[in-house]
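Chain naming follows the written order as A, B, C and D, and within any one chain the residues start at number 1.
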Amino acid sequence: MKLVDASRAADTVHDGDTVYFGGTVLDRKPMELTRALIRAGRRDLDAVTFAGSLEIELLVAAGSVRSVAAAYVGLGRFGPAPRFVAGVKAGMFDDLEYSEWSLLGRLRAASMGIPFLPTRAGTGSDTLAIHDFASVADPYSGDTYVALPPLQPDITLLHAWRAGPGGHVQIAFPPQHLWDIDVLAARAADRVIVGVDQIVSEEVIASIPEHTRLFGFEVDMVVELPGGSWPTSSPPEHDVDEGAIGAYVSSGGELGTLDFARPS
Amino acid sequence: MTASRGEIADLMVVALARMVVAGDVVGVGLGTPIALVAALVARHTTQHGVHVLAGGALDVNGGVESHLRDPRDQLSLTPGFVPHLDSMDMAERQAMTLQFLRPAQIDRFGNLNTSRIGVRSAPTARFSGGLATADVTALLPRVIAYHPDHRPRSLPAQVDWITGSGRGWAGNTRKAAGTVAVVTDLAVIEFVERRGRVKSIHPWSNASTVVENTGFDLSLSEDAPPTPAPTSDEVETLDLVDPRRRRDEEVPDRAGRGGKAPS
Amino acid sequence: MKLVDASRAADTVHDGDTVYFGGTVLDRKPMELTRALIRAGRRDLDAVTFAGSLEIELLVAAGSVRSVAAAYVGLGRFGPAPRFVAGVKAGMFDDLEYSEWSLLGRLRAASMGIPFLPTRAGTGSDTLAIHDFASVADPYSGDTYVALPPLQPDITLLHAWRAGPGGHVQIAFPPQHLWDIDVLAARAADRVIVGVDQIVSEEVIASIPEHTRLFGFEVDMVVELPGGSWPTSSPPEHDVDEGAIGAYVSSGGELGTLDFARPS
Amino acid sequence: MTASRGEIADLMVVALARMVVAGDVVGVGLGTPIALVAALVARHTTQHGVHVLAGGALDVNGGVESHLRDPRDQLSLTPGFVPHLDSMDMAERQAMTLQFLRPAQIDRFGNLNTSRIGVRSAPTARFSGGLATADVTALLPRVIAYHPDHRPRSLPAQVDWITGSGRGWAGNTRKAAGTVAVVTDLAVIEFVERRGRVKSIHPWSNASTVVENTGFDLSLSEDAPPTPAPTSDEVETLDLVDPRRRRDEEVPDRAGRGGKAPS
């Protein structure tokens, strides 16, 4: 039985942890789990996300992060993420920009259990140079490649459609674009907490086994959080709440606009 | 001579689409409608097997609007969905062959900046980030950039930050040419032997306007041809794949582009 | 339009080519494409398959192979593959046994477009030592790993459920165990030929896009071969023909028992 | 004292199952019913979260017969299917923790031969191949072998061919213990510091029979305990998960195992 409440889940995150935030741009962001971390007063987090948005805004506003590692931080069609941009300009945290493949390749090395992933992705860029990765000579051709080291987050937080008490997690069909990055980030992590819109029985899980994307032994805690990704989307439960995000942007980043309201 | 937003968008799209060749598999990133429309136009006007992978779905029937839909609304419109890691593998093994990128800056080496202006610890501007910019320039056979606001600060001698290197990859296998060209609202510029060469100039511009608005030295012959206007086939295809003119969204809304002052 | 007949497909394979044979044990073996290669008189093939069975029997009987690379060759519940075993004992071809992960890892390196895949799989075994792979030092820990070089077959032959004229290939739901190795071997190869039980329209393909497992740009030729995997299985069209395989085994490897008969 | 095929299978299965611990994720290979039954017995008798991954499906309800079914007949019986490459990743990152392997030979170092007898270019016997034998011994936290025909040629001083090394992996990360034990039709032998040590002897055997039938030196105390017979709970679970006694198929069909001559 892996079911806990959000505050119990937040208790297992420690100051200084490397925390991966699932979802991409305005989809499936673990907003309520992020709020729980902030309520618990977590500090000095190293936040990692492939494509961050409002969860990064909350973390920056609360002063919870000492670094943000991402290939993108913004609000998609709503433009830049105002608090993130202001925080970067003010030097409030380390702006660890990643190229897409550097970040995903590091997660992939961790999920594959290999010591490093050799790649030519990112070569020649300043964005790669930030990270000071080692290089490795291909023993066959002699060419030099980037050796991406595994990135194993202390914890990965996801929001998903539903799970059973045993921790099997399902994503609704057809999955959103970039859904597989959530699975990757979970498999790379030391521990995994998943907020879900619905808790269902194991029989319900088994009724559509092809949509199980993470297995119980890959998930440490499940939190029942209906609407927990609001105002970002969570199919099939609800779309992006454009009104709420519009209000956030037009108010210049007023946090009250992001206070949790269960989507109708 | 000035050009409207729509004329600029149309010519940029067809100039990009004309660089697609038979067999290309074009990857399209997030939030770049000109790239998407150009890939779809190429798919319609090229006889043999151009594929477009955008938003995780391949060759969605119905043009731009269909490609931008939620996967739920793409069922029965696409031959298949491609998980993102599979598409990255396609890029790295060069089954994907081409991507159009829209940087904030591009310099004389084809280096692309989609990250920031100023230093990393305290920049004066921070964009949303390059996603795969650094990757595809080193992975794909070729990358073509576009910029709808050609001026010296957009095309500087040296970008403030190299989000993606224009140089590509010169190893023993899977060579990548890097940034091979940039299409702007004024001209088409190719990068040949690490130097920008004007391939054609849009009808509403001229050689001196291009030179004045470019922050690096260009190789430019007196008789650089005008960029051919969209053909009637191309116009028809544009209407077909992008009837709502999403492509215009990426072009700055100004009175027109003729004779603007460099800035 | 990628549709050709089997003899045209076989013409594109050359003596001395490295040919990957899809399917696993008694499932989805490209039997009719293999027969076409033999009819075309191909010689000195380097055959590669993850888990081979009757296609290897045919190739050995015809003297078409100079090497067989596999992690398994046998007839599953029907026991050993008699002609393969006899051929190995007689030294008729090079018996290039692979460990599972060495073979799949090499295909994976090719499908990922990376120069090598570092792994600890296979270390210390004679089965690994056959291949004389280079080793590589992890630049982070200093530990030594096996560097699996990419294996790019000249051609991969598969048998699958159905395809459209554009070459998009679908596998019936739910896919058989080990189905993803077929996809891997196709993505690793220089060229791909797929025999299918059915050619369908692109509209039919689009009606269940989630079951498209290879895309047109990943497939060079499609051959309409109803029952082309017989007597191995091809879901949902037909199961393993136990009678035929039993007859092959009990006859001590009588080739006539494997002459193509379209399953009823 | 002799034992029936069924008694041997039952005791081997429970001896294997007892080595499974809470949290284990057990991978089961092709064509090894004793391994499958042992994993399922452990799943039923262990309180906390033992998972069994066999044939690409996880924890299929209904015991051995359900696990051996076609995926079409597993819908609504399993929480999910695992693509093979994903399961290999689970092994390499040690999310999978244990596998039971059935070699043709196992030697004093726990090295496993599932390949051949004699030299590679002209062997006297060629088995069907090791599949992941070489891999899981170096990847998983531990591997446990079993052999239902304990005799000197099955447990030689040195295997003819090392399909999988018993040594495991001793690097800085993700250590693998290699082959930690072998369960035979006569005894349970643990490998400790690269030496075989008899942990228990089956009721129908004795110390001298075990020693005579083993091709390498064993550490064996006079008071090596008998392998405990299946408990009533274990017997009940065996009936539940393997009512058709698939586990017997792997045990050679002989009159019985007591006092056989070494060969």
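By definition in this document, a residue touches a chain if its C-beta (ideal position, glycine included) is under 8 Å from a C-beta of that chain, and two chains touch if they have at least 3 such contacts.
Note that the structure is predicted; figures quoted are calculated from it, not measured.
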Touching both subunit A and subunit B (chains): C
Rounded Å distance, subunit A centre to subunit C centre (Cα mean): 38
Chain centre separation in whole Å, for subunit C relative to subunit B (CA means): 40
Centre-to-centre distance between subunit D and subunit B (centres being mean Cα positions), rounded to whole Å: 58
For subunit C, residues that touch 2 or more chains besides their own: 114-115, 119, 141, 143, 174, 209-210
Multi-partner residues of subunit D (at least 2 other chains): 57, 74-75, 81, 92, 139, 173-174
In contact (per the touch rule at the top): chain pairs: A-B, A-C, A-D, B-C, C-D
Subunit B partner contacts - residues on subunit A that touch it in the complex: 25, 51, 70-74, 76-77, 80-81, 84-85, 88-91, 95, 97, 99-102, 104, 108, 119-128, 130, 141-143, 174-181, 184, 235-236
Subunit A-facing residues of subunit B, complex: 30-31, 55-57, 70-72, 74-75, 81, 83-85, 88, 92, 115-116, 120-124, 126-135, 137-139, 161-165, 167, 169, 171-174, 176
Contacting residues of subunit D [partner subunit A, same complex]: 23, 25, 49, 51, 57-58, 61, 74-82, 89, 91-95, 139, 173-174
Subunit A to subunit C touching residues, read off their complex: 114-119, 134-136, 138-141, 143, 145, 147, 149, 173-174, 209-210
For the subunit C and subunit B complex, residues of the former touching the latter: 110-115, 164, 166, 168, 187, 202, 205-207, 209-210, 212-213, 215-218
